[in-house]
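Residue numbering begins at 1 within each chain, and the chains themselves are lettered A, B and C in the order written.
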């Protein structure tokens, strides 16, 4: 069983997949839908996704060493298993196209204004494909190293931003009249939490049996806390009314922070250009790897390297030329949340129930 | 197979390194702007830019800047600078451009300067009296839209003629932008001035029912000096506060504010400096009336007396009471000015109200509620002898 | 003289060939004992005193026939001998420096070890310096090297396995490991790879190292060099395998991980806290040496607005009037520094001092005043050069030197984003490497807290366990402190 990941690596894989890209845009979405009480919405979603994660991890634990495409054929038969694998492949393809396009646009409009879009996409595709070619154990090790740096730097940043900002902006924390708004805001914030389904393609080994479930659930909880810190510290710097105008609110908040001291650089958004991009690279590699593994299970006779090269070209063409802004927005707002809930909740829960009933 | 892969990679790298680097900026092609000033004269907008030219080290010339300053004087004496004559200001380091609207003025300097302007190092932005009265929102939004422009840039106004601000020879300084920014940063660090940066102004503009304050610099006796604050409402200037009137404002808006008072006691003048220790504002909203309870605790220190006398416990208690009374008067005066004279909440009391009654704040008209709001001010000052001098 | 029927072919070959093999005959009862040796590789005094003299004396005193058993056990005074009966191997033995004694009417012949090969003495170290540690380092003679290791480790479990590599050179290669500590699989893998080698010959441990690598990329070394005997001893006690090659003054050890290249033996001998500081400085300097130029190019070309305004103005002033762009000048200065580095290795000692002066004047003074380069880029490149010298093992600096150029090119096209992406590609490569089955980036990833502590801190509380990623048989050291 060569491709195993340790518990700590699972923690960081889940954490980086969820927060890699969504960190930039979550303050705006949260404030738009729920105001200053957005932390309640985030907390509700965290609990919901921990619930969904429980089923996925239990399935992994039951069928040790197997991934979804393998144990689903034991539960529901070969043909249904192929159908399920293709559902997951299409889902991950949509997510990959969206992610690569969104990240390339983010880099282009914030840092490299004149570089052509397909060059940036090709660059990040190369890194993700190379990472995926080396296997999941490698990705796990990279996530471990990058994850620790990411968490430490960002927590330091958030504490600084909370101290230097105005805490009156983040109040009131809770208002009774607004409870409805908090609860209905849940539907706008599903996309930042989608990512737990990558665990369906990571096999659990015998190192993971004891504490694998605990680490996965802890990871989702930590993601929720991290998101809350992001939202509050961004609001403290920018202000509750201006934040809805910025698509990349966290980056703007970092640009507006000045750390007092003469030897420190004045604009600290270069921290996002280094550490944030590390997290984004991990997130993209994991999604790419999951997609390539799914497609490999669909076409078992093809070589994995060929599949990786084909997928890279497909994503490059799709995200560069075919998808334009309207299609992207339509995908993001309407299709991805529903598809994500099907893939992350409904299918694993159904499989779990069937497995229990059949006493597998 | 591997060699072919490496050859392909090397080719791509070579191509990209020659053709690529689309975003490389050669900083030597730019001149670096340090101060931006905006003025409005009879529907015409003028923009003044002070910049650091990169070609100071011309071979054969000295690096001393006095050559540049003397070149820019054009032989005119300083009295004629006080006129509306902008032409005398154009020199090695200062550029003036004008246009009928902001956009035209902004881009006419591209046609007048020999190098590109780099805006990433702008220190501060100064608005003149006329332009402030007509509204500063347009330029603030431009700063928001431009990526290079930092949002931590300071924003000031000036009541004197803006050409005097850019008169390097009279002010006898190498770089006005650096001077102003260092001066204001020093004041902020000594807790004597409020922070007025673009990011705060951007947030304050969004509240239509309240105003905000911006620092004011004037040229007094051929030197730039901070002189009170300017009051803005709906991003338009509605009034000014002098240095005396801004004492109460400082106490309300600055964390750990530092203030100085002179108390007369038993035929001596006692000079006292105090730091704010605790500052709490509680708000209440009953029957449609807004109430604010301000509690202020200060630590005061006796710096010196004009004539040394001995002070016993009763004396110290009296002095403390006098200090508290003085401070209360300042605060109440500041609040009353904002309520009655300007009818505008520029002291940011709406933040405290919104922090407690967020949903109510969205429904009411804050301007009306603020004018009829009630304030209870409670000041306690304690003398803490920090210099270990015993006056008994 | 009776003819030597049995070894007739061999003797004929020796006479016809031009191998310069000397022959000494001792006659007794019309039968001659023939001694064959090569005079350049044999100790002539010991040959005369310990072999020829006793046999001649015996021949004069007694008339009995003697055979090989009797000679070896009762007559000759040599310590090391062996018996063999394979005719084809005689020339092989002689060529490897042994003395062969052919006895009439006997199947077996005697091989006596009277080797006296000229070599350097035990010298001072030239590559791995130390302030406080011992300074006896290996030389080209395999027996001397083995003796240097053996006097430090007197464990009966110290296994020495000597193999021969190379068809023509038949170089002796010794694999050392401590039997009840080292992981058997690693030892087996090393032995398997060495026995699989089929080449004409190897002359140095470096050649052997290149033949033992993985099939993957070769940029980062998977075995490290050992010059001093105390480092070899502590490596063996850690549970690793040390390989000594005859004719090479450097030993190699396996398996090795990335953090081992930053370990200097002064860490064990000095104060614990000073060792931690030293380690951090070395690791930071290693990171700095290959990233600082790329970072400078990325920031000044793309992200100059992160710097304070005074710095922007001063860069503007310093770079004005310089014909090369920042990227080009960085590349050119780096190339010049690499040329100086190559020159420093090959220059004779007498001229060495003047190179320093010439380099300093040309690159320092004249380049700046002629406005060819900006002074900032020269400072940055010299910091990079100096920090690369802090790494104790020089084999990894070679890899970092090459990667530096890759980083500069990518970060000059894409700024900090390109820097992070290129850095990630390097890290991915490092992390996926393995050295004889041990992950190359252990203990950082896969993370193990105890090994991580041992890598950073070397102290009494952490050194009671050996490193976990080596999966040694005996994980605990004997460490009873009061």
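Everything below uses one rule, namely that a residue touches a chain if its C-beta (ideal position, glycine included) is under 8 Å from a C-beta of that chain, and two chains touch if they have at least 3 such contacts.
Model, not experiment: these values are computed from the prediction.
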Chain nearest the overall C-alpha centroid of the shown protein atoms: A
Most widely separated chain from chain B, with each centre as the mean of CA atoms: C
Computed distance of Cα centres, chain C from chain A, in Å: 47
Averaged-CA centre spacing for the pair chain C and chain B, given as whole angstrom: 66
Chain centre separation in whole Å, for chain B relative to chain A (CA means): 41
Sites on chain C at which at least two other chains make contact: 302, 305, 309, 414-415
Two or more partner chains touched - positions in chain A: 111-112, 115, 266-267
In chain B, residues with contacts to at least two other chains: 16, 20, 23, 150
Chain C-touching residues of chain A, taken from the complex the two chains share: 6, 8-9, 107, 111-112, 115, 120, 123-124, 127, 130-131, 134-135, 138, 140-142, 144-145, 262, 265-270, 273-274, 277-278, 281
Parts of chain B lying in touch with chain C, wherever the complex brings them together: 13, 16-17, 20-21, 23-28, 30, 32, 34, 52, 54-57, 118, 120-121, 123, 148, 150, 178
Chain C residues within the chain B interface of the complex: 300-302, 304-305, 309, 312-313, 315-317, 319-322, 325-327, 406, 409-410, 412-415
Chain A contact footprint on chain B (complex, rising order): 16, 20, 22-23, 147, 150-152, 199, 202-203, 206-207, 351-352, 354-359
Interfacial residue positions of chain A with respect to chain B in the complex: 35-36, 110-116, 119, 166, 168-169, 171-172, 175, 177-178, 237-239, 241-242, 252, 255-256, 258, 266-267
